[in-house]
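Shared between the two complexes below is chain A, which has chain B as its partner in the first and chain C in the second.
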Partner chain A sequence: MLLQRFLIRLLTMAITLFGVAVVVFVVIRVAPGDPIAMMLPPGATDADIARLRALYGLDKTIVQQFFIWLAGVVRGDFGTSISLRQDVLGLVVNRLPATLELAIVALLMALAIGGTTAILGARERGTAVEAGIDIASGAALSIPDFLWGLVLILLFGVLVPVFDISGRVSPQLNLPFVTQFYLFESIVRLRFDLTKDLLAHMLMPAVALALPLAAIISQLLKQSLKEVLDLDYVVLARVKGFSETQVILREALKNAALPTLTLVGVQFTFLIGGTVIVERLFSYEGLGNMAIDAVINRDLPLIQGIVLVFALLFVLINLSVDMMYALLNPRLRHG
Partner chain B sequence: MNALAKSCLDIRDLSAVLPNGLRVLRSVSLSVQPGEVRALVGESGAGKTMIGKAVLGVLPPSVRIVEGDMLLEGEDLGKLQPKARRTLIGARTALIPQDPLTALNPSRRIGPQMTDRLVRILGWSGEKADTRIRQLLDEVQIRDPERVLKCYPHELSGGMRQRVLIAAAFAAEPRLIVADEPTTALDVTVQKQILRLIAQLQREHGTAILFVTHDLGVVAKISQKVSVLYAGKVVEEAETAALFAAPQHPYTRALMAATPRYTDPLASLKPVDEAVLAGLAAEIAAADQAWRHPHG
Partner chain C sequence: MDEARISRHGSRARLWLAGGWLLIALLAAIFAPLVAPQDPLAQDLMLERLPPFWLSGAEPGYWLGTDSLGRDLLSRLIFGARIAFIVAFAAALAACLVGSTLGLIAGYFGGFADRIISRIVDVWMAFPPVLFAILLVAVLGTGLSSVIIAIAVIDWTRFCRVIRAETMGQSRMDYVENARIAGYGRIGIMLREVLPNVVPSIVALLSLEMGIAVIVEAILSFVNLSISTDDPTWGGIIAEGRLSIHQAWWVLVFPLVTLILTVLSFSQFGEGLRARFDPVLR
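Presenting the complex of A and B:
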């Protein structure tokens, strides 16, 4: 039963990814712009162009191209980047950790800020504290992540320059890392000097990405908490002698977190989507930044590779949210 | 009554208002002696549950107490700091809630929900709390405590859950239990068993109970004293036997007439008389007038 559900789940994931692959493949070939024209100097002959097209397989029909590419993907060969002349898989794998670290740090920030303000707001419901939290979350939500990025650059990069506003790490540093997960590896290696430098670079883009999500978490979780706090078992816990904070943390939070959790899953995929522009703003060397370069250069294989990796990430996030939902809700586990 | 004997619960002139100024409790006075069951009876909206919640300190935020004292074993609850009051209420009182289906946390197992007060508020060891809970589960006639303690609430029937809640209420040997319509949400067949169970545990443990109900049949079975409530005002107070033998207030008589009897259901289900309601309205108006203008 459980195995069957898991297999069905895997099959849907595969179909989703296939659909994404088809759409991306077709769209970027139908859209205007020719990668070959951008590679050659002005005055190249038609023969040169035709030769180069044949070299990258662009002289075949879209259907033929798709199946050639798909056959490669199945073998783990995502093709060669047209603009960078390197293996696409290698490029993507190299850049993905930077984006993952940024997204995860942003998510943790959003959970910490959103969760704390939601709990505080629920505990102080009906007071000025709650009103203040509502106003702050309203403001955080009405400004999109890239605009927060610009605001932060202005504030802490230009007016009061306390943080680095460009790149992932200070270029003069000697990096001993063997993986691309710089932040995690610096912590594992206890090189906290490097951790500090990495975080100083990551802080502003992460905050920009985290603020809108933190506001959503804060509003939804606070609302759910307030509803749960009127329920009988919470009243009973108060009669037992537990304080309001204990009641929220021990009785209410887990049950109130379920709707928020589903939403966080969906919103986390939006957050990862947001990394594309925010990474660009902060010249952060992640996958999103590379995606923009790939689109500008009409680097078809690279765009396909990046989009497919993003799609895989989204599918995996949805899967883990479903699993966590079952874990938190005992009534689903036996169903 | 001996004025020196310390009541288990003493409520004096308790008044509470809604934000719009409406009084929901009108100078309520009542007392519960140690080991005694005091029934609070009235129709829905009469404020009987509100009194229980006021004692336990869990009134909804919109209801504000404006006057009166509540003394729990001589300690004035209104004069205590919030934390001290909470701990005192946690240590000396318990609640048997109305709806066992919503009174247990759906995502926590039964065991920890029953022991948490003993361990975390009263400071018992986990072992002692565990032994105590098993003892109480036996008293409420749950035969497989091992399984029940490991269950989540949705795995138990309504009657079983109410047994669990009753066991948890008696576990810490509270001096006072507020039972808030504990049988209303249950099946008719289960109602009797649960009521008998509460009565039996009450006798064995000698616990005072403030028993909130709308059912005069239940009042007759379980209580020694009764207060009849209408619109947040105590209209009659008496020993239970005396009340049933000779109800003094017209409203009490009307309530009794409205109780269904199986022998003659149609004749027995009388709505409360218009004249009685008019008399009550005048009585309430006079009380409010006196309350607002105590010297005029």
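Presenting the complex of A and C:
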């Protein structure tokens, strides 16, 4: 049954990705600007333009172009970036790790902040502490990552300049890395001086991305915890003499976590979507920042590639959350 | 019971505070030429980067200071409110109309219609929304209508998902069955019986969406893709402020505070309205 569920999800995933590919392909070809004209110097002849159009396959009909592109994508060939004149897949693969590291650090922060405040709020339910947590999470939720980013730039970039507000790593540093997973590699290589520099750059964009998600986790987990805390088995644990914190951590948490988990999946895709503008805000050299440049330069192949990679990431996250839910939920596991 | 009264009291206070700020901002937007102390486009290099009124070096008449071209910040914020509100109302209404209609159809009729609509929503949810918005405006060309269309095209799914789920819940209720037995047609039941019951959710979402539209417009202005560069927009002012942050912090702080207050107000106002309309919560 789990396998069947998995296969159905895989099929809908493929349909969704195909839909994304069609939509983005159609949308960017409605564009009035001619990317080829932008590439050539003003004195270029019509013949030059035509030759270049043919080179990038832009002289064929939209349907033909779509299937040529799709056939390439299936083989792992996403075409050539018009503005950077490099292989799109190479460009994307080069930038993706920076975005993934940022998103994962932000997710971990959101889980830590949201989890802690939820447990604290559940333990202190009905007190001023819980009310304070509710107000804070309400504000964190209503203010989007873009605005949090600006607030953080003002507070910790200008007012008390403790963090770098642009880039991924200090430019004067010598980087020994062979992969683009700088943070991960710096830890593996035990170069904690570099880890520190990377984290100092990453901290503010990550917090900006994490705060709205932390608020959602906090609210939902606290609610589930409060419901679970009235159940018999928890009351029994309390009677046995466990402290309230122990009761929450040892008994209540694992049963309250499941509804939060499903939500975190969807919300994590929103967080990744947020990296686009947050990376721009902090001049962080990730995929989102490159995507905005690609749009401004009308770099059709690059836009297509990046959007498809984002979409792939989103459906993969949803798929893994769905599978994790099925594995962890006893009702589905034995069903 | 005490707690319930306190929370109702709190929600009413929030509704008034949020509504108050939105009303002030809206009035300022409507009467911008009358209330703005200066011409928002007038540049004067003699007056560049004047600080706000309480700091030394401030000039009378330039309450919140000036930007790096000597333009009055308060006047630019007031005129920027015009674009923010136009975008908020138009984009949220358009997204609401498309999304609620499709959500109502999917939720009430189910079956084939639901499968198609839900599949489209799935595809839409697989796009990073900000990138999608930037892409759409780049394609449609910068301008007010492009921004409105882009926001509506991206965010109709928010209405569709919520209204679909609510409609499904309502459709299973006894009163819908009774209406059917009484001989009403399906579309009649959908519009006359189900729709009024999902209106509180639509109103709350509408207010929330207005806040989101203001943010998206600001983001588009920030990447220089919104309206023409001459008209002051909140996002455009923020983009300038981000660049001159070490020389003139106020150019970033004031539009940021304005934007945060407006977004918070829209979401709180929506919540407050829902609480007032919803018979269960009331």
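One rule holds in what follows: the second predicted complex is superposed on the first by the 320 of 335 C-alpha atoms of A that agree within 3 Å, B and C clash if a C-alpha of one lies under 4 Å from a C-alpha of the other, contacts with A are read in each partner's own complex, and residues count from 1 in each chain.
Everything below uses one rule, namely that contacts are C-beta pairs under 8 Å (C-beta built on N, C-alpha and C of every residue); 3 or more make two chains touch, one makes a residue touch a chain.
Keep in mind that this is a model prediction, so the values were computed, not measured.
S.K.: Fit or clash for chain B plus chain C once both are placed on chain A?
M.R.: The answer is fit.
S.K.: Give one of first, second, both or neither to describe whether A:Gln180 is in contact with chain B, with chain C, with both, or with none.
M.R.: So A:Gln180 meets neither chain B nor chain C here.
S.K.: Between chain B and chain C, what opening angle does the Cα centre of chain A see in the overlaid model, nearest 10 degrees?
M.R.: Vertex chain A, arms to chain B and chain C: 90 degrees.
S.K.: More chain A residues touched by chain B or by chain C?
M.R.: Comparing chain B with chain C, the partner touching more chain A residues is C.
S.K.: Per the contact definition in the header, classify A:Gln65: touching chain B only (first), chain C only (second), both, or neither.
M.R.: A:Gln65: touches no partner chain.
S.K.: What is the contact status of A:Ile277 with respect to chain B (first) and chain C (second): first, second, both, or neither?
M.R.: second
S.K.: Can A:Leu328 be said to touch chain B (first), chain C (second), both, or neither?
M.R.: In the superposition, A:Leu328 touches chain B alone.
S.K.: Once the shared chain is lined up, is A:Val239 touching chain B (first), chain C (second), both, or neither of them?
M.R.: first
S.K.: Taking the superposition as given, does A:Asn94 touch the first partner, chain B, the second, chain C, both, or neither?
M.R.: Neither: A:Asn94 stays clear of chain B and chain C.
S.K.: For the superposed model, what is the least distance in angstrom between any CA atom of chain B and any CA atom of chain C?
M.R.: Minimum C-alpha separation, chain B to chain C, in the superposed model is 9 Å.
S.K.: How about chain A: which of its residues touch chain C in the complex?
M.R.: Residues of chain A touching chain C: 12, 15-17, 19-20, 23-24, 27-28, 30-32, 139, 142-144, 146-147, 150-151, 153-154, 157-159, 269, 272-274, 276-277, 280-281, 288, 291-292, 295-296, 298, 303, 306-307, 310-311, 314-315.
S.K.: Could you please specify the touching residues of chain C with respect to chain A in the complex?
M.R.: Checking each residue of chain C against chain A gives 119-120, 122-123, 125-132, 134-136, 138-139, 141, 211-212, 215, 218-219, 222-223, 225, 238, 242, 245-246, 249, 252-253, 256, 259-260, 263-264, 267-268.
S.K.: Which stretch or stretches of chain B touch chain A in the complex?
M.R.: Result: residues 56-58, 60-61, 83, 86-87, 89-91, 93-95, 97-99, 102-108, 113, 116-117, 120-121, 152, 154, 165 of chain B touch chain A.
S.K.: Which chain A residues qualify as touching chain B in the complex?
M.R.: Answer in residue numbers: 125-126, 230-233, 235-243, 250-251, 254-255, 328-331.
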